[in-house]
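The following pair of complexes shares a single chain, chain A, combined with chain B in the former and chain C in the latter.
Now for the complex of A and B:
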């Protein structure tokens, strides 16, 4: 009994010391205004150890997703993994760190020597691409919270006409190109700014983005994974890598019997159906070869037109940069220089820079946009050229296969296949 | 009912309609993104979500304002530092000068000092000037009688007060009050700590730290970080205090208020605040009695005027932002 009393006294003593030690040395004045400090829009930075934990979880998720899809062939397993990803990388980590957005960090680090990326960001950028190179887009299937939040809402997906899908398929390239241009010029991280689901993960965000997020989730009921298919810039890189994947998932575990049962199973229209033999007559093949050659030769023209067009738009594009816009604004309205109510002008005035320095910097940035415009436009011209050229490419298809670039490796189609692999 | 379902189903099956709806939705989403992107520009942004609008606290009930401004004395290109009023004469110090000004604004006398006077206190025999790290004692003819350095690398002297032969010096840099005799010998110093290590001492986040002696011989020191005014014995023992933290007119707000104080004949306090600049009068227990000058009388986010009190209760405010001595008298 005496021993217990001693322990209680000792415990109380330590508790008192703990409370005393944790008391604020400098108490904040107690205001009575009811003012609430707005919460920051990005999560607090984590310790290195926890960042490495995130890397480990990403690696584990990618490995598990690849195993579930390719070896275990379990749609249910992939679904549960994507729910875990949604909870961990989405709601717990509040959408940051994110492979999709890491494109911008990597780009800025390449173009701005003063900007450094952590090894964690680099791994988050590279790891899904490496997995895609070997196993297809298993990142989209089980390790991406943005994909997961849309995937669980797929209800009655409709299949859009091919020409619509092809046209919409150009948007991710445009988005990727703009994201790289804006990151390279230090203008903005537009992928992060227009992440439509991060507002849900953080339970906070600009109302415009919340509306866009809700709209995309509603759309996902009938047009599966709209963000992944129409916007995701990282999907472009995954698409490229996945096309070369050696161990990509297959619809059938053995030999395809072309039963057509899997044909409507993919909500993303990523199943390639066998091409009818009668379409591929010698005459058609010869015509297509001519067109293919013509459009292949036209690709440099497309690239030049694209480069010229985008580079010519550098004035408009560069307005997104704070310094460019501010210098133009102050040249057009010099009276605003004394407008201390305007936060941007106030921030500029307090930075200690002169107006001449601002204008000089703006000119430099605009020149970067002009050069970058050629690359962006050339890239977009190349994409358009290849898209048109591909219209005349026929590949022999005798079985039902997922399109390696477009397939998210979700595994839905596997459940439709009646073929059983004999052991 | 069956017919209605059939129509819905037909609509659902109509691929063209659905395609158009999907495209429309995507177009709206894209348009929203573009509009948002183009709208986020320096001259098109909405209100700052982080701004704490204090406009409502600038409005003061006119019934509380019992003083009116009756006169002001421009200081020209002089750089003022401190003010005191003694025997109906205004003693002003600043960069390299001490001025004695008649209440009608005419200069009565002046003398040069070496450095910037930050605070000043006039007595029957002496004029005491506090520089940043030194104390200068003059007679009324401007002759330097004594001077000494306050030895510490962080010293910032912000206020001096006199009681008999004791000279109290507020050192904001070291958050302490020093007590000297007029010969410059250090008698004691204190940091406002209560009972050894218990409780806080003076919390002085900026160079606003005041010491005054009232007509009853009581020593009062501001504790601006605590929004408090504290009463000490001559040896630095805390006797009592009052504190008011509030954005409302009844209290003090910000990092360091009251920034300046003076004492009226009856023991009540004249307080002056920075940031949301205002001058008020509190009784000895800390109850707000009246407002001398509401925020509208001063520059926005300005410095706290230094205050001093005349014999008949008129209040002199040294307005650093407008370089004026401003006189406020009861209405």
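Now for the complex of A and C:
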């Protein structure tokens, strides 16, 4: 008995020495041959001044785009500007820094007390929105590299039925909501991770995203700007701002003569055609008002259903978080707790954290998803409710106008207008 | 007359909503500006936390990875039998390819004086697989370790390897001190 305990003491003594010596097992030798020790090279990152240059270039291209579209009325100018944007923010800056992704940085900054957001990212988030509030979505026309790469590929755009467009128009809201939820919980930046075109800008990337990117660019030949219209989460915010913008691009420089020439010119189906007065009989109006009020009253119901549905699926949504994934895996398969072949488990074991700490953190994150799910679902319910309600809104329209929310201000329609402004 | 009234009402609503949107934008701006910093931040690996899992070589958006092995000479023991250079269990300490631990032969071994050798990383060849880091940390001083090279890194909004790093070793550091190199150096902070 005694010898065993002695052995243990001896062993632990050696172990202690070993741990102590671990820091520097072999001391640095004293060289006699006059050897000079080199130091590792440390190339500097891109300088901060160049980041401010990016902000200036964004400001310049936004101003130029707004001027070209509203004052100068030049489609050609917008085209050249978007090519410049594609080259600078796309291929030179390799798609990063971008306003679309900045949504997530701002969200994380608002929710994570430890996260600091760079001032340039904040400006990249705000500036296009402020411009949209005054001049419409000129960002989409001339300052967004993702828009530019699709816009130059518009070849033979087809027009989709209204109901298809409206249904697809829901996806950006879902994407925006999920991006905010995942950023707020510190899980993932899904907009950046699933950016389909950044792989082209970098000439490098995961092959799945490259294939999706190629597919979207091929689609863009016939369905103009697919990413902007069906996915872009930043487009949702720009849409809201642009709807109430102070100025906006107009199709005609003077008075619209309703000649219909511009009708097929928009590849994005963003031109609203005049609504005939004949359908607006008193009976139809009254019926519409009734339906409108009914669906307006139903909005809280959609919000509740949405909130309940998304919040109930918080278990599924939270799986994307590393800690939740790992603790779920270890609870389902306790035998894996000592599996050193699994990298995540091995690193977890080496980190010195206990299993209980991991589970506690995971359930905290899951609770965040549960609360966040109510907000996300409520938001989506609100969007669906307003979309349905808007089916019964009719506005008198006598002239051809771009839809202020959907119009990218690309300026194609301007070239189709035969009206000339007399000085 | 009625038309004019409708137009006026629409304009009024438009202006009202525009102001509301403007104010909410300003609100978000101010709330975020309180957390804003003028300093630039870059991604870096903390060598003390790294567990040499090998994902740096496979998960960076760049190929080959922007992560390279660097040699912190200050903590190197200049061993003859280098755990980062030689495969475990080599019979002779010769520089033949069959003895290399590095899959791309990116480590150069130079004789200095008996019995010391200098090991230099050829960065163009290094893929950031961390095999040598593992060898050096298990048998030696741990002077070989991974760092994100800022001439290669795109400084993505969300670092693809930080997301998959099992030991949370990758985080943002101020661009004024962009490297975490073991030992005492001017280029980085001490680890």
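Here is the rule we use: the second predicted complex is superposed on the first by the 377 of 423 C-alpha atoms of A that agree within 3 Å, B and C clash if a C-alpha of one lies under 4 Å from a C-alpha of the other, contacts with A are read in each partner's own complex, and residues count from 1 in each chain.
The rule is short, and it goes like this: contacts are C-beta pairs under 8 Å (C-beta built on N, C-alpha and C of every residue); 3 or more make two chains touch, one makes a residue touch a chain.
Every value quoted in this text rests on a predicted model; they were computed, and no experiment measured them.
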With both complexes overlaid on chain A, does A:357 touch chain B (first), chain C (second), both or neither? neither
Which partner does A:104 contact after superposing on A: first (chain B), second (chain C), both, neither? second
Scan A:263 for contacts with chain B and chain C and give back first, second, both or neither. neither
Touching partner for A:189 - first (chain B), second (chain C), both, neither: second
After superposition on the shared chain, which partner residues are touched by A:325: those of chain B (first), chain C (second), both, or neither? first
Given the superposition on chain A, which partner contacts more residues in chain A: chain B or chain C? C
Check the residue A:415 against both partner chains and state whether it touches chain B (first), chain C (second), both, or neither. neither
Go through the superposed model and pick first if A:215 touches only chain B, second if only chain C, both, or neither. first
Partner chain(s) touched by A:343 [first = chain B, second = chain C, both, neither]: both
Following superposition on chain A, which residues of chain A contact chain B and also contact chain C? 26-27, 29, 31-33, 35, 38, 206, 322, 343-344
Using the touch definition from the top, list the residues of chain A that touch chain C in their complex. 24-29, 31-33, 35, 37-46, 48, 51, 94, 96-98, 101-102, 104-106, 109-110, 115-119, 122, 125-126, 129-130, 133, 188-189, 192-193, 202, 204-206, 240-241, 243-246, 322, 343-344, 346-348, 350-351, 396
Per the touch rule above, chain A residues touching chain B in the complex are 26-27, 29-33, 35, 38, 156, 158-161, 164, 168, 171, 190, 194, 206, 208-209, 211-212, 215-216, 218-219, 222-223, 226, 230, 319-320, 322, 325-326, 329, 333, 336, 342-345
Which positions of chain B touch chain A when the two form their complex? 12, 15, 18-19, 21-23, 25-26, 28-30, 32-33, 36-37, 41-43, 45, 48-50, 52, 57, 200, 203, 225-227, 245-248, 251, 253-255
Considering only the defined contacts, which chain C positions touch chain A in the complex? 3, 6, 14, 17-18, 21-22, 25, 28-29, 31-33, 35-42, 49, 51, 53-55, 61-63, 70-79, 112-113, 116, 118, 120, 123, 140-141, 149-151, 153-158, 160, 163, 166-168, 175, 178-179, 181, 185-188
